[in-house]
C-alpha cells in the first residue's frame, strides 16, 4: 500500500508542478510573441510566479453564490480535476514505465476524458448564473462534438498499430513515426485537440467578450484553481498523446539510446514542443464563431475522419494480401 | 494499482479542497454572494430554455459514438476476420454514410440559421477603392455625404 | 479485495437506483443514474469484461446521461409541479405492482437464491464465500477475458453475426434520421 501511495505521488506531484510551470511558460512565450516582458518580479526571471499565484488562490475566499446549488457547485471542479488526473494512469513515460499498462489504455483514456463534460455541465447549471449556464451549454456541446473526430483519429491510429495499448502503439513506431504516413491526419488531430481542450481559437466557452469566463464565472479561489489545473492537465495529456500517436512517444530517433531516463526526457521534450504549438496558436489566431465551430466539426472533420478511416483500412487490407 | 490510483486521485483532490477550506478566509455578505451579472441586479431565473440544436447535438453524438464503438473491435481484429468481415464492415460504414449525407443535406446543425454562403462578402479592397474614388469625384465638396 | 468489491458493488448499485427513484430534484436523480452506471461498469471491469465496462462508461455515462442532463435542463421544471405529478402517478401503483412482480422471478438466478437449502438465505456471513466458491459464476468470463475480449468480440461481430451488425447499423441510421426530422421546421426549412 505504501508503495502504491509513493507511486501515485511520483505521478501526481511532478504533474502538478509541470502544470504550474506550463502556466508560466504560456505567459512568458505569449509575452515574447507580443513584445512584452511577462512576469519577471517573483523569483529569478519570474520563475516563482506560478507558486505565488497558487498560494494566493489557496488563501483567497471561495465565494459560493446564494442561488447556487452548493454541493454540486463544489463537486463540479472536483470532478474536473479528478478526471483530468486519472487519465495519467495509462500513459507510458518510458519503456515499461506506466502506472498501469492497460491493454485497452486508449479506450480507458477516451472514457475518462469523455466524462470530463460533467464538470463543465454541472458547474454551469449549479452556479445559477446566466453567463455560466450559456457557457456550460456551449462548452459541453463543443466538447461532445469534438470527441467524435477525436475518436475517429484514434480509431485510425489503432487500426494501423493493431493495438489499444499505448506501449504497443509506441513500439510500433520504431521504424517510422506515424506523422510521416499520416501527415494530413495529424493536421486534423491538431485542430481537434485545440477544440477538445477549449483553447484558442476555439475557446468559445471562455470568450471574455461575450460570456466573461463561461461556465466557471462564479467559481473563485481553489474551486476555480481546480478548473484551471484540470484544463492544463488535459492540455498536457493531449500534448503527450500527440507525441505518442504521431511522434513516436518516448522513442529516441535512430535508436541512439534506450535508457529509460533519456526516454522519459525525450517524451517530455516532444510534449513541450506540442505545448509550444498550443501557445503559438493562441497568440496568433483570432477566435472563431460558435456556429463555425460546430459546422467545422460536423460537416468537415467528422466526414473527413470517416473517409480517412475507410481509406486506411482499405489500404491495410489491400497490402496485407498474404493473410487472406 | 489502477484501482488504487482511481480511488486515490479523488481523495487527493478532496484533501486539497479540505486544506483550502481550512486556510481560506470566509466572510460572505449579501452583495458578494449575489449572482454575477456585470453589476446589474439579476432578473428571472438563470436556467432558461435554449436552442434545440444543442439537444440535437447530444442526440447525434450518442448515435455516432455508438457507431464508433462498433468500429473499435474491427480495428483490433482487422487481420483475423477475412475478406468477408472486411466487406461487412464496408457495408456498415456505407449505412453510416447514408445517415451522414442526410445530416449534411438537412443542414440542421447550422446554428446561425442562415447558411454562411448567403452572407454577402465584404467588398474586395479594389472595388471599395474604386467606389471611393468615384464618390469623391462625383460629390463636390460635401465630406459628410460620403 | 476484488472478490469483496464484486459482492459489494451490486448492492451499492441497487442503493443508488433506489435513491434515483426517490430523489425529488431531477438533476440529483440523473446524478444517481450516473452513479448506477459507474458502479455497474466497475462491476463489469472487475469481472474481466474490460471492453464492455469501458463502453458502458463511454456510451451510458459519456453520452446518454449527458443527453438526460441536457433534457432536464431544457425542460425547466419547477419542483412543485414535480411533486404534484408524483401524487397522480401514485394512483397507478397497483398496476405497476402487477407488472413488476414477474421480474422478481429473475432474482431466483441471483446468488442470494442459489443455495441448495433455505439455510443459505439466512447465513449472511458465509454468503459471499459460498458464492465465490461456486466456480461456475466466474469461470466463463475469465475464459472470455483470456482471449482479449475486444479482439474476440470483433471476430464474432464481423464474421459470425454480421447480420446483427447490419441491423444495428440500420437502427442507428433511423436514430440519425428521426431526430433530424423532428427538429426540422417544415415551414422555413431551418431549425426551430
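Chains here go by letter, A, B and C, matching the order in which they are written, and residues are numbered from 1 within each.
The rule is short, and it goes like this: contacts are C-beta pairs under 8 Å (C-beta built on N, C-alpha and C of every residue); 3 or more make two chains touch, one makes a residue touch a chain.
Going by UniProt, the chains are A = NADH-ubiquinone oxidoreductase chain 1; B = NADH-ubiquinone oxidoreductase chain 3; C = NADH-ubiquinone oxidoreductase chain 6.
In this text, all values refer to a predicted model and were calculated from it rather than measured experimentally.
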Most distant chain from chain B, judged by the mean position of its C-alpha atoms: C
Two chains sharing the most C-beta contacts: A-B
Approximate Å spacing (C-alpha centroids) for the pair chain A, chain B: 16
CA centroid of chain B to CA centroid of chain C, Å: 29
Multi-partner residues of chain A (each touching 2 or more other chains): 102, 107, 125, 137, 144, 147, 164
Multi-partner residues of chain C (at least 2 other chains): 51, 55, 58, 62-63, 66, 70, 73, 148, 150
Shared interface positions of chain B, touching two or more other chains: 45, 47-48, 50, 53-54, 58, 60-61, 65, 72, 74-76, 82, 86, 89, 96, 100, 103, 110-111
For the chain B and chain A complex, residues of the former touching the latter: 1-2, 4-6, 8-10, 12-14, 16-17, 19-21, 23-28, 30, 32-38, 42, 45-48, 50, 53-54, 57-58, 60-61, 64-65, 68, 71-72, 74-76, 78-79, 82-83, 86, 89-90, 93, 96-97, 100, 103-104, 109-112, 116
Complex contacts: residues of chain C adjacent to chain A: 27, 31, 34, 50-51, 54-55, 57-58, 61-63, 66, 69-70, 73, 148, 150
Chain C contact footprint on chain B (complex, rising order): 3, 45, 47-56, 58-63, 65-67, 69-70, 72-77, 80-82, 84-86, 88-89, 91-92, 95-96, 98-100, 102-103, 106-108, 110-111, 113
Residues of chain A that touch chain C when the two form their complex: 69, 72, 102-104, 107-108, 110-112, 114-115, 117-118, 121-122, 125, 137, 140, 144, 147, 164
Touching residues on chain A, where the partner in the complex is chain B: 1, 4-5, 7-8, 11-12, 58-67, 74, 78, 81-82, 85-86, 89, 99-100, 102, 107, 125, 127-134, 137, 141, 144-145, 147-148, 151-152, 155, 158-159, 162-164, 212, 217-218, 221-223, 226, 289-292, 294-295, 298-299, 302-303, 306, 309-310, 313, 316-317, 320, 323-324
